[in-house]
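Listed below are the structures to be examined.
Next come two complexes built around chain A: one with chain B, the other with chain C.
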Partner chain A sequence: MKVAVCFKIIADLNMPLDRDWNVVDQGPVDLSFVRQVFNCFDESSLEMGLKLQAQSEAVTDKIELTALTIDDQRADLFLKHLYALAYDHAVRIQPDDPMDLVFHPLWVSAVLSAYIADIGRQQLVILGMQGGEGNNGQTGYLVAERLGWPCIRNVMDIALKGPENGLTVTSMTDRGTMMQTIDLPAVLITGNSPQSPFLRVPTLKQKVKASTRQITALGQKELGVKDKGMIRKDKAPAGLYRPESSRKVVFIEGKTAEDKARTLYEQSLKDRLNQ
Partner chain B sequence: MRTAIVLFTDTPFLLREAGEIRDLLSGMEWMDMQVWLFYHKEKPVWVPDIAGSGLSLKLIFIENPYQPEAFLGLLEAVQKKEKVEFLIFSGDGLGEELATRLAFRLNGSSCLKVDQCEKKDGSVEVSKPVYGNHLKARLTLTQQPFCISPARRSSRPTRVIPLPGSASGQLALEQVPVEWVKSIFIDEKKPDKEWVHADMILVAGQGARCRENIQTLERIAHNLGAELGASRPVIMNAWMDMDRLIGASGSVISPKICLVAGVSGSGMFNAGIEQAEFIVAINTDKEASIFKIADIGIVDDMMDVFTELEKLILSDRPGSITDREMP
Partner chain C sequence: MTIERDTIVRDLINIVGSQRVIIDGQVLKERSHDRFRKFESICGVYTRPIPAAVVMLETVQQVSDVLKYLNQHGITCIPRTGGSATEGGLETIVENTVVLDGSRMDKIIRIDPYNMLATAQCGVNLEVLENKLRSQGYTTGHSPQSKPLACMGGLVATRSIGQFSTLYGGIEDLVVGLEAVFPNGEITRIKNVPRRACGPDIRHVIIGNEGALCYITEVTVKMFKYEPENNGFNAFTLDHMKTGFEILREVMTSGYRPSIARLYDAGDGAQHGFNQFAEGKCVLIFMSEGPVHIARATRTGIAEIVARYQECMPIDNKIIETWFANLNWGPEKIALEREFIRKNLNMGFTTEVSGNWSCIHTIYENVMKQIPEKFPHAGDLTLFGGHSSHSYQTGTNMYFVYDYNIVNCRPEEEINKYHIPINALIVEETLKAGGSMVHHHGIGKYRTPWTREEHGSAYYILESLKKVFDPNGIMNTGTIFPFEK
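Take a look at the complex of A and B:
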């Protein structure tokens, strides 16, 4: 079985200070000076891929695992990291226009599904439920629509179901945890997953071994997504703005934590608690 | 503009989801509004009151409520007849999936997590959070039908109005078979979301450092008469249950008092507490972004501050027992 995990590298948005957000007409915002991290849901997806691969070795043929991202060279370091963690293929597709990466899930999904259908030929695709820059939350559904495959959202865990290519998928719903046994092909969209919260860390030995492996870098043209005009735009940007915060913090001073707690209680909480 | 609100009666949070749509649409004049109401178990006898009476109602029976593909097939059939220009879905996962996939199938435009929307010259302009909630983007939807779903907010649930006896509105549609699922099992446990309505909520972040401290905080919250919620890392470390997650991908709360500690204040988290009336933030790092959305800040160790606060509250409360047992 072939599996593709689609991931996105994002700026660690816990970091930027206020002054960095002096915006900018329509974006994208330059965040190249900010530390880059795996999008948190994609970290779970990538870990799920590794668990599935390990499971497959015992049950059936070993799963062929591909990590796939559309990005510029900044992603190469992360792709190497995934080689070190036993991903079989690390593929990067170079975008023509960085703006599309953030705000145009119709385009992102077209490029991802072109790779999956024509080159990678995977039977299972795992994506995250939301990327931290565009906050679109749409790419996974659109990949499913483009490939004409069914999809499951809010996935927490995946397991192989015997040797005949079926899967058991655990997902979270409003009514409780749902377990489905499904046929492939399918698109799975990862939500908050306490079963696979983080991506494992490679050993030094694994890193050294991976350092010489080549990343497959492709252009949009090689995917047949030559012309941006081929993919319709369903919305037009009308500006970015920074919402105002109406609060101004007042710090409580004091020598010890106990002093500060007392001031907080006396000055701000006591009356409110008695209301 | 011919508009339809699409809801599913069997979801446990129907009225809150309807409330989010009502709040999104408030202040706008929406002519020609329909409600497309899916049901699975029993035919509904009431509907959420979103925009007063006068809505035209379509009742749609769904045989397989677990598969979005089944909903989509029915939605396509209804739209073929009704030809609405604007569809508003619920802000939960189902609504988001349907909005995106239906728009794709109909060559329309879709946008999720919308926090403002406006009609403009035959089109719809929306605003939604981007860059981890640090910025907002305004976008003009360009292709009909426009399919959107609202950003999560702490909306009051709507009231309900009885289904008018005459409003049959029942559509007879062919169900869409879904064959790729071989078996399905649901461990029915409605998520515990009642706690989000508490007047005081204490929120713990990764700064809590370990499960033992979270257990101590559970006791302290209980003694303070508060509920305890958490940021993503606390949940991912399995220190607390998933139902307690706060933020853009968890619950949005608006208590009278929010005590938030050991949280750095990422935009995705802040989206969950910004609507609280009064926010006290406790963090060892004076530069932490959480202070940008707080009324009161304390730069210190969260456990020390809370331990003292618990003592003060208990000593002020006549007859209270220290170290009361957890329920």
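Take a look at the complex of A and C:
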């Protein structure tokens, strides 16, 4: 089975100070000085890919894992990290011109699906529900649409069905947790995953071994994807504002813990719990 | 005669009242350790003797009364405030230990801007004090990564150091006066004066005692003007740690006092994301602060020194400023770390040592060579490196960091399989080269096998302090001094 896990690296948005959130000359917010990290939902996707690969070694042919991203050379460090974690292929697709891709899921999905269908010839695609910077939440659905494959959203966990070419997928729905058995191909869009919230850590030996492996770097032209109609260069941020958010502290008085708990319930919880 | 657990609890209730004596099982378990055994606690495994009670002390008199009682009956106690210790100093190793929690003694007693003195009870959280001072245009100058968690009593007890120590000094340079209670119940106050020559400096009997001699109840520290608008960074990449140590030495011996002087090797730098702009390189960081003219002169002087070393290339200061603003460890980072460890079975520790300029590079090189060769589970290491972060006229420290995947071992085996042997190798290499085995975390309970070697013939002085001030050995048994049954 060939599995592609799509990921993006983003600025760690916990790091910038309040004064860093500025729009200068209607350009994107400059976060070039901030440490880059795996987008959190993609991190779960990448870990799910590794778990699936580990399962496959025991029951069937080993899954062939590809890590796929659209970025410039700054992503190579992350792709080598994934090599160290036993990804079989590390592929970076570089746009023809440097561009801010945060709000262009249409274009991103065209590039990803072109690679998946035409070059990688994958059977399963796993990717995060949204990126921390743009929060569009569209790329996964658009990739599925372009490929013509079924997709499942809010995926929490994936397991091999058995030696056959299928999967058991656990996802979160509005009514609770759902477990589905599916055939491939498919697109799985991961959400919050309590089972795989973090990507595992490679050992120093694994990192050294991976350091000499080559990243597959492809240009946009090699995929035959054009920008026409998908990149709106006439739209730019004009300014930023921070929504007001404040909390109030109330000290609950009472002689005993029981008194305080009763007051807390009466004053603050009762109405909410009855809603 | 051994006193029964129930009797201890009953007597403590009689002394301080039932509302101040905690015997809840989960609280007792959690108070049986500190961050040294974090993996065990994450897994809900508690291997240390469960304390008889936690006493929430609120007044100096209560501290005195309780200590007098415990001393009379030979009951071991562990002083505790913020609980951010990392070296096992807060671990219980004796049955029916009583944990003396001073976190409710949390009043800022006085801020005296004229004499530049701030007085706080032992349970005052450093960040609370620092924020209050900053709101008035002052600072303590003390900023350890544990600032959001640590309290004044614990900071002084462990000879803590902050990130701006190269300018302000360690806590021992900041403490002016103290109040402490000894096991016989004696309440002692050391007055706040700028300097005196009235016999040995007795503050140092208390500072760094790790709860093994007395209970610190109140601390007076120096205040400084807070002028962050004058802060500025000089940051560089470089190829070799040896060059970095040379530059640190030249900066310090030339008389410059940046508040931050840090040198990272490539391994440690990678965990901070330095490999994203300087893969495989070392990173050297200075921050200058204080009055505008001094800050500017310090920056200029450092830039002149570094310019003589061709391998040094400047880094965008904005990268370093942003990184530094996110360095501290608060409750939310600890909670995330615990979740990460639980899910990924990957965790890390540090061992911090120091040495004179003539031996610090030898210590660094030997440790970097010995761990991969001698540590039997080196294949499980996921990060190994170090940095220097506190420099002096005569030398600097090395802070070794190591992360590992926990492979094929039970929670209670992890500390013996990984942290303790790595820690031992670092301590032994440091002592062999002539350095000190502990720079700023305290000895705790796991570097005690080397306390005697660390102090050499001066151990006589240290040992005598224990004999005089804690003759019954009730104060944090097994900390600083090896536990002998």
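Convention: the second predicted complex is superposed on the first by the 217 of 275 C-alpha atoms of A that agree within 3 Å, B and C clash if a C-alpha of one lies under 4 Å from a C-alpha of the other, contacts with A are read in each partner's own complex, and residues count from 1 in each chain.
Basically, a contact is a pair of C-beta atoms (placed from the backbone, for glycine too) under 8 Å apart; a residue touches a chain by one contact, two chains touch by 3 or more.
Everything numeric here is computed off the predicted structure, so don't read it as measured data.
Asker: With both complexes superposed on chain A, which partner does A:Ser245 reach: first (chain B), second (chain C), both or neither?
Answerer: first
Asker: Which holds for A:Asn14: it touches chain B only (first), chain C only (second), both, or neither?
Answerer: A:Asn14 contacts both chain B and chain C.
Asker: Would you mind checking which one, chain B or chain C, touches more residues on chain A?
Answerer: Touched residues of chain A are more numerous for B.
Asker: Check the residue A:Arg74 against both partner chains and state whether it touches chain B (first), chain C (second), both, or neither.
Answerer: Touch partner of A:Arg74: chain C, not chain B.
Asker: Applying the touch criterion given at the start, work out whether A:Phe198 contacts chain B, chain C, both or neither, answering first, second, both or neither.
Answerer: both
Asker: Do any residues of chain A touch both chain B and chain C, and if so, which are they?
Answerer: Looking at chain A, the two contact sets intersect at 14, 16-17, 197-198.
Asker: Which of the residues in chain B end up touching chain A in this complex?
Answerer: Interface residues on the chain B side: 11-13, 66-69, 92-94, 96-97, 100-101, 103-105, 107-113, 125, 128-143, 178, 180-191, 200, 225, 232, 235-238, 242, 245, 248-250, 256-257, 264-268, 278-281, 286-287, 289, 291-301, 304-306, 308-309, 312-313, 316.
Asker: Spell out the residues on chain A that touch chain C in their complex, using ranges where they run on.
Answerer: Residues 14-17, 20, 33-36, 74, 77, 196-198, 200-205 of chain A touch chain C in their complex.
Asker: Over in the complex, which chain A residues touch chain B? Could you list them?
Answerer: Listed in rising order, the residues of chain A that touch chain B are 13-14, 16-18, 21, 23, 27, 29, 31, 40, 102-103, 106, 129-130, 132-138, 141-142, 144-145, 150-151, 153-154, 166, 172-183, 186, 191-192, 194, 197-198, 232-243, 245, 247, 249-252, 256-258, 260-262, 264-265, 268-270, 272-273, 275.
Asker: In the complex of these two chains, what residues of chain C are touching chain A?
Answerer: 272-273, 275-276, 279, 316, 318-319, 322-323, 325-326, 339-340, 343-344, 346, 379-384, 403, 405
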